[in-house]
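Labels A, B, C and D are assigned to the chains in the order they are written; within every chain, residues are numbered from 1.
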Amino acid sequence: MEHYFDVLSVLILLSSFVLVSNKRIHAYIKTFRLQSALIALTAGVMGFEDVVNDGNYDVLVVCAIIIALKVILIPRLLHRTYGNIEYRVEKDFFFNIPILVIICCGLVVFSYFSVSNIGALSGLHINLQVVNSFSVVLIGFFFMISRKKALGQIIGYLVIENGIFVTAMFSTQGMPFIVDVGIFIDLITAVLIMGIMVIRINDQFESIDVNKLKNLKG
Amino acid sequence: MNWFVPDHLFYGSIMIYLAAAIAAVIFYRRHQLCTLFAQAGCVLAAILGAVFSLGILFSESEALLLEPFRSAIPFLSVVIAIDALSAFFMLVLSVLVCCVSVYSIGYVSHYHGKRNVGAFHVLYIAFILSMIFVFTAGNAVFFFMAWELMAVISYFLVVFESEQEGNERAGLIYIVMTHIGAAFLMIAFMIMFSYTGSFDIFGNSDTIPAAAKNLMFVFFLIGFGVKAGVVPVHIWLPYAHPAAPSNVSALMSGIMIKTAIYGLVRFVLCYLDIQHSWWGVAILCIGIISAVLGVAYALMEHNIKRLLAFHSVENIGIILIGLGISFVAFSGGRELLGGVALAASLFHTFNHTLFKGGLFLGAGSIQYAAHTKDIEKLGGLIKRMPVTSVLVLCFSLAISAIVPFNGFVSEWLTYQSLFSIIVPGQTGLNILSVLSIAALAMSGALAAACFVKLFGISFLGKARSEAALHAPEVPAPMNAGMGVLAALCLAIGLFPMLFLQVIDKVVSDVSGTSVTGELQGGFLIASYPVTAYGNSITPVVILVASAVIILAAAAVIRLVGGKAAERKYGTWDCGFEELTPRMQYSATGFTKPLRIVLRILYRPGRSLEVEEGDSAYFPVSRKYNVWTEPVFEKYVYDPLLNAVKKFSLRIKLSVQTGSTHAYLVYIFIAVLALMLYNRLA
Amino acid sequence: MGLILWITPGIAVLLSRIVNNTKGLHAISVCASFVLLLTAGFATNRVILYDTLAYKLFGEAFFIDALSIIVLDIIILIGFLVAVYSVGYLNEECRHEKISQKKIKFYYSMMYVFMLSMIFAVTVKNIGIMWVAIEATTLASAFLVGFSNDKRALEAAWKYVIICSVGIATALVGIIFLHLASIDVVSSSNALQWDLLFDRAENLNSPVLRLSFIFILIGFGTKAGLAPMHTWLPDAHSQAPSPISALLSGVLLNSAMYAVLRILAIVNRNLGDSSFTGRLMIAFGLLSICAAAVFILTQRDYKRLLAYSSIEHMGIIALAFGLFTPLSIFAGLFHMINHSFTKSMLFLASGNLLQKYGTREISGIRGLLKTLPVSGTAFLLGLFAISGTPPFSIFASEVNVFLSLFYEKHYVLGGVFILLLAFIFGGIAVTLFRIFYGEPARGAAIGCGEINRPGAAVLAALLVIILATGLWMPDLLKGLITSAQMIMIGGLSI
Amino acid sequence: MISVAYFIVQTVVILLAAPLVNGIIKKIKALSQKRKGAPVTQLYFDLFKLFKKGMVVSDTASWIFRAAPYVVFATSLAAALLVPVTTMIPSQWHAGDLILMVYLLALGRFFMMLAGLDTASAFGGMGSSREAMISSLIEPSILVSLITVGLIAKSTDLYRIMEHMKGVDAPLIHPVYLTAFLALLIIIIAETARIPVDDPSTHLELTMVHEAMLLEYSGRSLALMELGASIKQLVFITLAVNIFIPNDQFILITGAAAVFLSLVIYLIKVILIAAVIAVAEICTVKLRLFSVPNLAALSFILSFVGFMQYFVLGR
């Protein structure tokens, strides 16, 4: 059962690498959907295992919520927001792609370096999974910094949330149920609010390039 | 003296002050009544305060400890402790407040109907109360609170007439500098707390190690130096004092600066008790520089109150010279000389309060009558304001330390202490002492020149402006207030021994050695000579001798020359037509020789704008302007402030750039840095 | 009885959605906050008597002890004052046709969602749920920051949401590691319960705990406005409507700092001494004060200046708690209370200023004491108070912070700290003191006299509170703060 | 009893000797210019004439203008009383010491400067302003030189200094006393408006300082002013003479005759110094006003070097 999780954690890490190397906003959303599906799968496997061992359905319910929210609802919402923003192809990021990927690798090495010596995680497999999922968080963070578009920043935020959820799943077999539910509620409201704001920004600033938002200086 | 119950008197005077403040609030609408009640209350309370402090001084009782209010906030309790030193400064304060309040009854009338008189009186009384608590605070935190309160209230008084340009900026410089000075005091108090675990000013400081004591001394010196207005940090003084209303600037210049002297004596001499002689030498050097530079800059000023403010810097310099000598003597174990020097500096503190307070009140009377502070527009006031001119003459003589007045006696004592500290062998100190003798002499002469300019240009000769020509004599209470001060100056000048008894009580309480033995003079025979180390002066005898000479000369002349035939005629005008006021010497002209002699100090600049007429030889108008550079501001403070502002602007725009990416990068770096730290630590 | 704290804001939100006329909306808001005030009073004396207040419902989620009651009381008291102030403020905005009646409805509903989330954050035992509540405060106040709907407000709102959400996400990582550290000590059913964690703090896994503290400090530090993560604070607080920025500055920062305190107590108890956490907190605190000192000197917008002074005071609180001695915690809590009152008074006064002069630029304002007598004096005295001049309460708490620093023999740190505070006073004086004097620039356009009557009353009340707590501290308050300090670390402060 | 005698002898000697000094100086200058010159007692005749003449007072003048002459005369004479003329009779008054004497003269100068300004004429103002400059530059060197001598004698009382100086044989050999003496000479020239600093005889407005302040005076007040100025000159000369060349070593007998003998020796020494001053006036021309500070600096350096000799180098 453990090597299932190793494979899944590596796949999730790879999906975040794919995300970083995307150019278009459509591609972001698709990769995000893929990553969420993988996470749902892990949750499903873990939930199934819990049901078999001690019969509580919490994790399965959480897996269902993930599927509903992150795989179906949020990507459609992002598509709709992106839909009514007029389409202008712009270079969306600061550096070119090879440099971005190299930096992400650097981040993975760094997270391994700083997290690996923690005693509790010394069990090899948990350690590996936690390092992978933690580096997804760092990559999500870096993705947010490197993207110029507002939507890119929303996707970055969502990837950070994904990374955090996966770290929780791998290290502690999931947070208490109420907390998970609360996190998801927060997540969906956050995305809703950011969506509305992106639309408003588009009306006021005629573009969703975050560099235009610079007149509050000093 | 069993009727003398100290704490009733103390609480009594505080209560009367508060009553006066409440009266000012009640009669908020009717300005006449409000002024009368408030100031009368202050006079009464001041008299009570004076009686109280004299009682404490002469009752040989241990320090009076009162604790009216203990607050639950840790270490924040109101402790009032009055020993001889606090009583002396309370006496000085009460005398000045009494005279200034009598003066204010007349002076504040020019605010009636125009400004918020009620608020003025409340602030005035709060200012006095905060100073009383500074002198009587027993616990360092309460001292600091009273200190800051005094600064804030005097800031409000300085900006009271904020519509005059320059007052606002003056208030700003004042409050910022005093606040930063107070920060140094706070650090010193905290070091005191960290070693002794208590804030009690009367506690012993043996547990504090030597290095901490040196550090505390430096912080005390900076903190109290800023408030005293010693040279490097004096720039707020010539702005703040002229901006305040005259009766308030009399209080500020008269007594607020002395809180710094009280602080130095209390914390450095009594609490830390002098460890090294370099403490005294440092104060001596600051005193010399302040004395000379203070009077040098005063010479070039033509605004009366700025001139007087610079003179406060000079007199603080003289007080610090006395204090420096006493610290050096105490650290060298020469108790007697230390006592005499301390007596000299305290005596000069009291004298300066009297004549500087009087001079500022005089400046207030001139402004009240001639509505201007600029000497160049005055002239011939002696004919319109005879009484004020006599009083201002007395104060001018007193401040230039000239014989019959009190300024001379305290400067004479400072000379004697300087004289007796010079012993063959200590080369460095000898040179410093001779330089301070030279500095004292020069500042005395320059002060005399400066006050000849002030009195001569504004009171004598012809009136240079319409306002000066029709200046009415000021109302009676104003002259009464100044009169009392002038009388005190003369009395102390002629009978110094009377007052030295009081100071001796303070010195013996502070330094443990009685100085009267050395200063010789019975209590009753007030006219007994003041002798220090065998040299003695008896001002009374000199005055009597010169009076006898004058009478004899007049009699002989009367005998030889017959009746004095006097003919009134115009001043010698070389045959031209009538002399106009513009032909007189102006204040700028009067100080021109000294400006050229000391030009490296003033770096004078001049400009001549000529408005061309139809031909080059007949210009329509010439405008000649001469100015001296405020050296300290131009080369020290302004560059510093601009550098700080440029730095802050650059940092602000580089950190708060407005781009969300930059902000996210900061957080990202913070996360990575801390993870690295955790991994390595 | 305590649950009323949760129910009343909810009802207020619902009612404000239904009622349509402005008078009704104002009435609802004031009554709701008054009810909250009463329940807070009840809760406080329950805590003083039995030092915790918990209920069995919702799996004992509801929990108040001495530490949380202090922050709760601040939230509710200032919430009440802001509600009273908003009445006058919104009427004035309506008179200027800046906002329509619908906007007032939106304003009140959002405000009470914001209040609900803050109360929720403070009255909950489970740290996970506390995180959810704090994230909810960000989302609730996002639209309040963007309320005036112009370009600058929208930009401020966007930055506020993005940076705070990212910050809070890092805090979530911290909480996950905290959960990981306590995985074998606390059963998974009641994981992340604060009191259980605190009791069994010794045998938690300390390397994981240190890692979790780092993330929590950065996460909640962003929300509390500590130095490198403070960048959203000046924009959000200056663009938000003044009553909201009073709430944001006075109260929200405290609840974020409250979360840090909770976990700081656990970590320090686990690690034995406070050197690890102390060094970090003091570093962040000092960095915030330096940043504020540098930025204040050349500010051109007075609300941004007040926001920077909030960063400075949060730095002081972080420094006080970083020291983690009984005296320093007492000082930190006392400073938190004083700062909330003084800062909210300043922001409310700046609200009146903004409405009267219509501009945020300092250069555009002259003769404030003449045009707005009450809020002018409140603003001036507030500025003196915020920079720590004696008669006011901030001075009392700052003295205690100095004491704790010097008592631990940190001379250089204490000296630099005192000089920085004096430098900040200089900065405030140089930039802001010119607005009080002289004649108003556009003479006739700005009439004299207070526009917002209830606002002026609120300002006067706050001024009295600040002055009173400066000299005299009621024993009730002292008892409360000492018991809160005893929770975090044993031993008497004095 | 002694003190009353001292008071009378001192006043009489001072009043008689003071005008004499001016006469002598003028006589020597005239002889050097190969002309007969006015008789030595010319100043006595002038004073006597002026006392009888009426006064012309400007209408802008106030009471200060009338009081100044008496104050100047009284302060000069009072200062003269403090200075030991006949070293034989010690004064028991403890009335004052050298610092009091210097500040008494300062009082006189203060009133003279005010009188200059009182008549609203440009000359008076110019005189006062220049007097202010010269006096404030010269004051430090007066005090430093006198206090250095006082320090060696361990007292600032002029009589005690006199007692001490008697013990020192040929003081002008020692560097300390020599420098102090030279500094005092320069002070005499500067304080009493002699040629290099200020020309007493001319009324040319560019040059006069002391005369400018007296310009408006006439009749008895002018007489008093002149007398006061000459007494001040005698005070400084007596200081220079009696401190640095005490005349008591030669007198062996005591009693009234001794006093008379010491007075005669004192007059001889005064004439000697007057001659020195006259020679100085003959040889030098009036300095430009703004090179007077160099002279004052020279005098201060001399007194400072003198102090350094004794107190720092320990000679």
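What we mean here is this: contacts are C-beta pairs under 8 Å (C-beta built on N, C-alpha and C of every residue); 3 or more make two chains touch, one makes a residue touch a chain.
Small disclaimer: the values here were computed from a predicted structure and weren't measured.
**Student:** Quickly list, by label, the chains bordering both chain C and chain D.
**Tutor:** Touching chain C and chain D alike, sorted by label: B.
**Student:** Which chain's C-alpha centroid is most distant from that of chain B?
**Tutor:** A
**Student:** So what's the Cα centroid distance for chain B and chain D, whole Å?
**Tutor:** Taking the average C-alpha coordinate of chain B and of chain D, the gap between them is 36 Å.
**Student:** Take the average of all CA coordinates in chain A, do the same for chain B, and state the distance between these two points in whole angstrom.
**Tutor:** Computed from C-alpha means, the inter-chain centre distance equals 70 Å.
**Student:** Between chain A and chain D, what is the gap in Å from one C-alpha centre to the other?
**Tutor:** About 101 Å, centre to centre.
**Student:** Using mean C-alpha positions as chain centres, tell me how far chain A is from chain C in Å, no decimals.
**Tutor:** Their C-alpha centroids are separated by 31 Å.
**Student:** In chain B, what residues contact two or more other chains?
**Tutor:** 652, 656, 660, 664, 671, 675, 678
**Student:** Quick one: which residues in chain A touch 2 or more of the other chains?
**Tutor:** Answer for chain A, listing residues that touch two or more other chains: 117, 141, 144, 153, 210, 213, 215-216, 218.
**Student:** Which pairs of chains touch one another in this structure?
**Tutor:** Result for touching pairs of chains: A-B, A-C, B-C, B-D.
**Student:** Quick check: in the complex, which residue numbers of chain C touch chain B?
**Tutor:** Chain C reaches chain B through residues 158-159, 162-163, 166-167, 170, 210-211, 214-215, 217-218, 222, 228-229, 231-232, 234, 276, 280, 291, 294-295, 297-298, 327, 330, 334, 384, 387, 389-391, 395-396, 399-400, 402-403, 405-407, 409, 411, 414-415, 418-419, 421-423, 425-427, 429-430, 433-434, 436-439, 471-475, 478, 493-494.
**Student:** Which part of chain C faces chain A closely enough to touch in the complex?
**Tutor:** Result: residues 59, 61, 126, 128-129, 131-132, 135-136, 139, 142-143, 146, 149-152, 154-159, 161-162, 165-166, 169, 172-173, 176-177, 179-181, 183, 188-189, 191-192, 205, 207-208, 211, 234-235, 238-239, 295, 298-300, 304 of chain C touch chain A.
**Student:** Which chain A residues qualify as touching chain C in the complex?
**Tutor:** Touch residues, chain A against chain C: 115, 117-121, 134, 137, 141, 144, 150, 153, 157, 160-161, 164, 167-168, 171-173, 175-176, 178-179, 182-183, 185-186, 189-190, 193-194, 197, 200-201, 204-205, 210, 213, 215-216, 218.
**Student:** Can you list the residues on chain B that touch chain A in the complex?
**Tutor:** It comes out as residues 652-653, 656-661, 664-665, 668, 671-672, 675-676, 678-679.
**Student:** State the interface residues of chain D toward chain B in the complex, per the touch definition above.
**Tutor:** 48, 51-62, 64, 70, 73-75, 77-78, 81, 93-97, 99-100, 102-104, 106-107, 109-110, 113-114, 116-126, 128-130, 132-133, 135-137, 139-140, 142-144, 147-148, 150-151, 154-157, 160, 215-216, 219-220, 223-224, 289-290, 293, 300, 304, 307-308, 310-312, 314
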